[in-house]
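As written, the chains take the letters A, B, C and D, and residue 1 is the first residue of each chain.
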């Protein structure tokens, strides 16, 4: 693990060599797990107002609600660490959803009814995510285009294409009739644990290990901090960045599998509205948009934070504008906390 | 090793990508529709791109300082909502400057937080503003569609010297921005701050003030863009300005303004905005609609 | 079981057009009259979020869920969840796709209403003579209603290839901006458009502005009048009907639909069997039958309040 | 003695609870050049930064013209008549020379309009550029200039402010001898006008030549000072390092072999280098001399695969490189220390350990999974860091940005040492490093060649090249204009070769 990641949190206390002791508030604000404390505090605050939030089924709903979001956010974390950004993830979710569904659907799918339908369908999802990610990465590294432009164009193009593709495969606006076995990935459970959770755990743990314990992970942080220095130090910068986009694409595709499964439908507008949520979650967690800083655990915290707030607002039956304003307020609040944190560090 | 010529060519192509894309798009659509290359249609394209272009000019200032403003679409909506709901009875010469001021003030809020919370990316601050302002506008309008009065709508149809009002606005904002960026101390300091804020501070530039000012300008331009847009489309539903930040940023970046600050300018931005609109226009002109009936 | 003191969830996907705003207001009033409480949530066109909202409402143990989903297929898991929890679910204005899950849908007979509207315009056109260049503003194809209205339009115009040529299909995605730009461009490409149909009345301001810019905004009887058909029946449509700019409007009977929806809840609570699809026949309003039918037009009521 | 203009009284400053300046006091007079010397990290730049308003002192006071002076920002300093040339270049590559010079206060058109008076700044810039001998139109973007030319622009910028006090923090690091002389002439002229200057440099000979008074810092304490005549060089050195240094260059007792380690043949890239050929042998230090802009850095970048080339052949050992990229070069045992430490050499926001480990990660990873053997890596990093004598032992915690320039340079050297390179290209390896640290770097170079490493040593300091190299290759305008063997080293003749092409052009 690159130390820089935690450095913002620890540098001050460390250089002080334990000479200075900080107040509990300062320590709390400096903690790199602040977002978890905030989530807990918020949860405890709304509990008396909507007691339903603490019921077992509500908690399990919250858990399953956050999983697909978490998986995309994990992919995004990789891209942000190298100072990139991937705005195409939601369109990958949508596009993979309809293409994958068109392979599996019982009403006229390419492999509809065949026992191969599900494995081939899943493979389609992953391939689409990987290929689009690869294409994004290719444009950003080999052609030197800015990631925001590449992926923004991808977003617009793929969203359109997803709708166009659907009209070619379905009378309605979406593709239904998905095999039971596939739907179970998004809905079912094994050993009392939702399948989606198994999937998210697998993705999360591999991502965590990849970032923290491998050469590839260290390269990514190095590229994020100083790309030129990384290049001169023999880091295959282009290839590494390309892979972050592939990872992001594949994560989006996995999220798409979960979303598509839970809605039992391949739809071309899937996930369209969650783009900013994804990026906000990662950044609230503490990953820097400027690159070089980020952790999977932080992202988990960021997603959890957003989902808890979202759920509470849903349970409160809040109107749309309240939801918007509260979300904005919360993000601003997170920003203020982060700024305070910087101040304290600077003060030394 | 050979291929330098090729590499040079590639470089030239990349540096002039917006222009080349522009020409390619023109040629494609011109060959598909004989009405595409008419003066009338071109006026049409520029008119329709003017609100995006005005907002993109504003955001160019912010991008030049290596910042970003995601709240432009929301500022646009808030301004128009206030115009339609509370300022509808005032004459245009009063209500429009008021809305512009509101935009400036909202930009100032962005700027305030950006300056106060240095070390935190403006992305997150303006994202928060995006949510808060959209929420506020939805609350004001009760999510209903709002309408503007006939004088404003007729403004949207007015032409001076055969050139639509929107294009005049666009041209004025562009000319002013161009002069400010190139020929004023402030403009050059914007570039300096974007290139290296630490060095700018050491050179005695008031970095916080420059940052604050660019967000004010961006807010102002967003409100102006809203006015130009509403004068044309006459009514604003709850999706007014929704996700406008994407084409607006895209226009600036397509025009060669770097997201990492210090590079670019408003001329490119204008091209970027028009290019985006040209594609949309061309698609309709050639009836090559994604939603074509199958 | 007493019908008083029930709680019903109203799950909308948006309130972008006056139709939905009026819809939710009529529902609130109707519910208050029946002594029900309402909980509201808007999904902002996000199927997944709406699914989560349904689960949250189940969590809140509401007595009934009225839903306006964005996607007919993606709503099925939500229906299943409601079925499992034993909570009746009614779809307002947009039916779900076919499935084994049980719910009741109230819907306007879009295709038929659109067919009637366009048929009226075609008859007018025939009567006036000449040939026609037509333009249609199509809604978001994620919306069944938009598809049915589009199909209704083509059902009729395709029967008259000699009379009408469709030169422009403007995709609006239910977005005013897009509609305006698209229509302006279409008028630029085809200045001779003289037959216009919109899939929803909420786009009227943009249509008016675009036609004015093109110099084509003239009431019936004047030279250069564009045959103009609308759909939904909002207050703007009523105004333009009496002003003579709009020739015909397919009206969804919103009052009837709300009544049908709430009636369905009561029947379901009472354990009665209710059909999966209940149709609102709607009607076409024109200058000719204005006086007789306007009382059933929800836009007229709103219009009256505004006067 | 002339009137006192500036007085520092008991200045102290801490970063993160560590005190780096302890009660520093000294005075500056009108028409005086004060030399400030000290090892890396001794607090010279920090003192200047306090004067320039970049940092605020924790304790102590400053008096300017008898009045208390407490700048809270660079603006305050400018307004008080202080100009500051920073140790790190402080220019904006995206702006032109004239804009850079006037960025903090443009003359305006017609006095009131907020429009830049282009005519005036152009005129004034031309005058200033003439003074420092830079021949570029004022509207040239600074990005086009080489490091040395940028430094001259930085000096012109300080001159433009008509300051009463000018602070120069290592202004000559990228300058050639001739330009340095030019700078000294300018400084002397300023002194004659009654302007006071503070001059920081690691080149003690220069300090002794131009300064009237010299103050010595060690670990944040002012350990001595006085008029130049009372401060001979050995006194200075022993004050700075706290001990005596006998020799500037450590003796080397190994001889170069004749086994080729790097063979370069006909490397050409139009506009940059032309037909460059040479052979570097195992155990040899091959120096590269040349005037600023001669293309030495460009050549190094080409050899390491950072820049493209049109024609030529590069062979390491006995394999000709088919692909020339940093990765491929490193696979063949090459290493490259760039001249731009901050921009390309280091990850400033990362720790010493992370920086040091970066080029070697692969060697510490399982090939299939890429899983890093962390403890082995950390041990080796610590060992290398000790070997280059970085002045902290918190390798895993200390961020590189918080190190002094010299220690940062040691980190860059350390990161390449960890790879045990066979061919090591050093571009200005001692730029901005104090005498003691330089000596350490030289010792490391000697150790390396003793182990058989071949070193390509690019430097603008002639003494250093003569003291360290076995042969010196001279470049001018992208071409090799001569090779000098050790026995015929002579700075006059080398300089002549370096200007060969220029003379030919004139003729």
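Just so it is clear, a contact is a pair of C-beta atoms (placed from the backbone, for glycine too) under 8 Å apart; a residue touches a chain by one contact, two chains touch by 3 or more.
Here the structure is a predicted model, which is why all the values come from computation and not from measurement.
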> Which pair, A-B or B-D, has more C-beta contacts?
Replying inline: A-B
> With chain centres defined as C-alpha means, what is the inter-centre distance between chain A and chain B in Å?
Replying inline: 29
> How many Å are there between the centre of chain A and the centre of chain D, using C-alpha atoms for each centre?
Replying inline: 44
>> How many angstrom lie between the centres of chain C and chain D, each centre taken as the mean Cα position?
In response: 73
> In chain B, what residues contact two or more other chains?
Replying inline: 143, 290-291
>> Quick check: what residues of chain C touch more than one other chain, meaning two or more?
In response: 15, 42, 141
> If each chain is a dot and touching chains are joined, what shape do you get: line, ring, star, complete or other?
Replying inline: other
> Which of the chains touch, listed as pairs?
Replying inline: A-B, A-C, A-D, B-C, B-D
>> Show me the residue ranges of chain D that touch chain B in the complex, using the header's touch definition.
In response: 52, 54, 73-75, 77-78, 84, 86, 90-95, 99, 103-106, 108, 114-116, 118, 269-270, 308-312
> chain B touches which residues of chain A in the complex?
Replying inline: 87, 143-144, 146, 148-149, 152-153, 155-156, 160-161, 163-164, 167-168, 276, 279-280, 283-284, 288-290, 320-332, 334-336, 338-339, 342
> What does chain B use to touch chain D in their complex?
Replying inline: 1-2, 4, 7, 179, 183-186, 188-189, 191-192, 194-196, 199-206, 262-263
> Within the complex, which stretch of chain A touches chain C?
Replying inline: 52, 55, 57-58, 61, 65, 68, 163, 167, 172-176, 187, 259, 262-265, 267-274, 310-311, 314-315, 317-320
>> Please output the residues of chain D touching chain A within their complex, sorted ascending.
In response: 14-18, 304, 306, 326-327, 330, 336, 338, 343-351, 353-354, 357-359, 361-362, 365, 369-372, 374, 394, 396-397, 399, 415
